[in-house]
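Next, two complexes with chain A in common: one pairs it with chain B, the other with chain C.
Take a look at the complex of A and B:
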């Protein structure tokens, strides 16, 4: 298995390369586009990724709520200080702490979700070129050795400035 | 280096080189300024150590004024911290284009001012280590647990939530820029950025998560941002014994005041960034113009709350509260402070911002934003101290507070400390989000309408 990276200056050339790879019979998941800035979704005819990010904050909020309910209840019951004959569990005060801890947990889980859904950390990022963060657009493809020349030709034909192999 | 591409947009290479000029190189003034600030910061830590050794007697705090300059400064820095989420989250959610060069600096300001604010209750407590008993829910041998009914406990919970959330928010938004730095450094620094960038490549999935995740975090951070200063205000508002504090209006009043001071601090910072690093092409007069328009609205709303506070006292005709307001407004020296507060917080800066020539004049915007924060610090001082200083029945001492030079120095230290942290941050991470800047170049163009050529911003359709 080899990886190829075609570098483009013009977004249209990169989009043509993506189309060429699709027409060349390469599976959608095997090639991708790398950019130094967000482009409009579908600008390169790329596969639009699906995600489940919104489940993370919901799950985090449930955990935060449960933990804060336990903490606020347990600490008051552990030191039962009766004030003015009122109940030990002070609901309004508990709500404030529970709100903060629920939100905190939702934020922490959202960040975990963003990192997970971005497929990070990526320990072996594969073929890459620092010029991508300078404005070049990279089209990267993983191919069997037998398809290497075919993929290379498609990248060249679409006007790549350089092709890197790894 | 080519500054603009064929479509007359700033090239990404140029954007990287200019906006990383303070990170990849050391500006000439940087070591001198950091050394001077570091010197003052070290003195502050020494004074803090002396205070721990000799106790709060080194301050001017004495009965009945137990909350003085330290708590005033604590509230002030919490207020400044509201800049980050105000700018970053609200403007991101509303897709305001002009937010782009501002967001990172505002988020950093949030983090460092919050971290500084958190230090002040520790300093104020005198015996700092005892806060552990007060805050941490662990089963001590005495069997005493934190009192969750106290706003003084809710406060650190809210601030810690805000600080943690803001830091994570900043980290997520930094990921693409960390990859830029990884690609432009060598040796130890490359290793450092490689670890922090987590293997970022810039594929559509990662960019989508940046956009969707940014909006999600903004939506989550906004309610936290409102709750934090509300809870800070309850430190005062639930105290029935101090007439000037016991007010239902305090939560929104504090929040809007915090936005006023926080956004003004962002203006100060943007001017300094423009002058210090020469980012004239990125931080432009139109950004100051937009911020001044926003500030005019915020400041006017805040002034409304200030007068409502006084009006409510008049409606209630509660004798102790009337006496307190009389003291704040008519008695020397409080009246001088009150006048200065009104002049600097609203009367001088806001009418200036009506004129576009002033809104786009960076020096005037800088000085007017400084004025606002002088006023906003005084506002907190005038809320906290006179309320405690007023003569009440059955007391034998009043108006006994004169801040010691220790307290004044620690106030000065806090400014040096925040500035120092920002400068150190600027050497490690970019102060302006590179990818946001580049994105705006991708999503903008000039179009012809009739004979006029107008700049336009494209926006993707929401699904």
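Take a look at the complex of A and C:
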């Protein structure tokens, strides 16, 4: 398995390269576009992966809420002191703790989710070029050795300034 | 669209130039910055000395701690309110805020200062029940030390979200610094960038994570304002019942946050030479927000005040005697002048708002107003005799309390530590987001309509 990176100055050329790879029969998901700026989604015709980031805070919030409900209910029921004939479970004081623990847990799970869903840390980033942060656009593809020349040709044809291989 | 020639400043269009100019803010002013960091570090240490002095010499007298609580509330209401300036425009998809949103995020990481100030306050904050009597608070039947634990945890949570928000938005810039620097800076940026290469999934999740963290910051900030305002002032005064107070406190925090961002943006623009990045458009927009926040301040104040004024019950009269015409009457007048009258009268003029310096002077006035307001609210509340805290209403109005040397040291130290943290963070995080300016250039184009200048903005999200 090899990685190829075609560098483009013109975003239209990069979009043509993406189209070329698609038409060339390369599987969606094996090639991607690298940019130093967040272009509008789908600007290069790239595959926009579905992420599950929203599940992390939701899951965290449920855990935090459940824990806080258990903590506040169990502690009050463990020492059932009736004050002034009021109910043992003091709902409005419980709400503060429940809100705080729900938020805290949601935040912690979101941070974990961000790291996980952003594929970070990226231990093996593959082929890359620092010029991407200078406005160049990279089209990166992972191919079998047998398809290497085919992919290279598509990148060259679409006007890449340089092709890097790793 | 603007027809004003002055509005027609634009960041350079070449991504390479943008990158170099903005990354340079992490290197600029080497000698001066180093000296400043030393001086601010010393002043911050003095602040810690002040806190320790207060703790060892005055921990048995709760009435002497009002200024420390006021300083905590002041930092919470200014620095911690700053990220809201980036959060609100993000939700509204406003393009103008991109050049200043990083500044707002950087100021927001100073939550640690509040946690440090909170530690000694935990010693002196009275428990909910003393000698069998429970003071009126939002904690009803909760354990005695609930405010101590949950208030501190909420401040820790705010600090975590503040750091997470900055980190989320700065991640692509760490990658840029990693690719364009050398030595220690490259290693640090490389570690922080965690292998960010700008792939589709990384940009896609960036949008979402900034949105999520911004939402969390908003929810947490409002919650912290509610807890701190009630536990560290309202519940300390017998008979003070005010449903508007936590909201008014949070509103003052947003006013202070806007003022903080304007001041830092003005300094960054002037001393880092970013006239083409932070333009009159940002100050114009921030000036309008500042003006609106000043009007909101008087609205909240008057909504609370009229109830006490017209109610005239014993507890209402005690509230007026304590917080309006009592020991802090002159501070109340100063707070009214600086939080509302001066900023309102200054920013009401379009010519003032529509300038770079006008909103800056307005922000200085407002930030002083926030300080006076916090002193007015917290110092008298803590001055109340602890033996009276469980009464139905306040029968003995405390005398005016002036700050002692420890209070002044803590104030100087707290403000210095805010600037110190901002300066240290700015050595690795650019003051203006590189990717945000690149996106700004990508989505907004200056156009000319006959003789007028305008901006055409795309909003694809």
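Here, the second predicted complex is superposed on the first by the 146 of 166 C-alpha atoms of A that agree within 3 Å, B and C clash if a C-alpha of one lies under 4 Å from a C-alpha of the other, contacts with A are read in each partner's own complex, and residues count from 1 in each chain.
As a working rule, a contact is a pair of C-beta atoms (placed from the backbone, for glycine too) under 8 Å apart; a residue touches a chain by one contact, two chains touch by 3 or more.
The structure displayed is predicted, hence computed values, not measured ones.
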| item | value |
| --- | --- |
| Side-by-side fit of chain B and chain C on chain A, or clash | clash |
| Which superposed partner A:151 touches (first chain B, second chain C, both, neither) | neither |
| Contacts of A:133 with chain B and chain C, given as first, second, both or neither | both |
| Touching partner for A:78 - first (chain B), second (chain C), both, neither | first |
| Partner chain(s) touched by A:143 [first = chain B, second = chain C, both, neither] | neither |
| Chain B versus chain C as contact partner of A:15, first or second or both or neither | neither |
| Intersection of chain A interface sets (partners chain B, chain C) | 32-41, 46-49, 51, 53-54, 57, 75-76, 81, 83, 90, 93, 96-97, 99-100, 103-104, 106-108, 110-111, 114-115, 117-123, 125, 128, 130, 132-135 |
| Residues on chain A engaged by chain B in the complex (per definition of touch) | 32-41, 44, 46-49, 51, 53-54, 57, 71-72, 75-76, 78-79, 81, 83, 90, 93-94, 96-97, 99-101, 103-104, 106-108, 110-111, 113-115, 117-125, 128, 130, 132-135 |
| Complex contacts: residues of chain A adjacent to chain C | 32-41, 46-49, 51, 53-54, 57, 75-76, 81, 83, 86, 90, 92-93, 96-97, 99-100, 103-104, 106-108, 110-111, 114-115, 117-123, 125, 128, 130, 132-135, 138, 140 |
| Interface residues, chain C side, partner chain A - complex | 14-16, 19, 138-143, 146, 150, 153-154, 157, 160-161, 164, 168, 171-172, 175-176, 179-180, 194-209, 212-213, 216, 219-220, 223, 227, 434-435, 438-439, 442, 458, 460-461 |
| Partner chain A, residues of chain B touching it in the complex | 5, 11-13, 16, 137, 139, 143-150, 153-154, 157-158, 160-161, 164-165, 168-169, 171-172, 175-176, 179-180, 183-184, 198-213, 216-217, 220-221, 223-224, 227, 231, 435, 438-439, 441-443, 458, 460 |
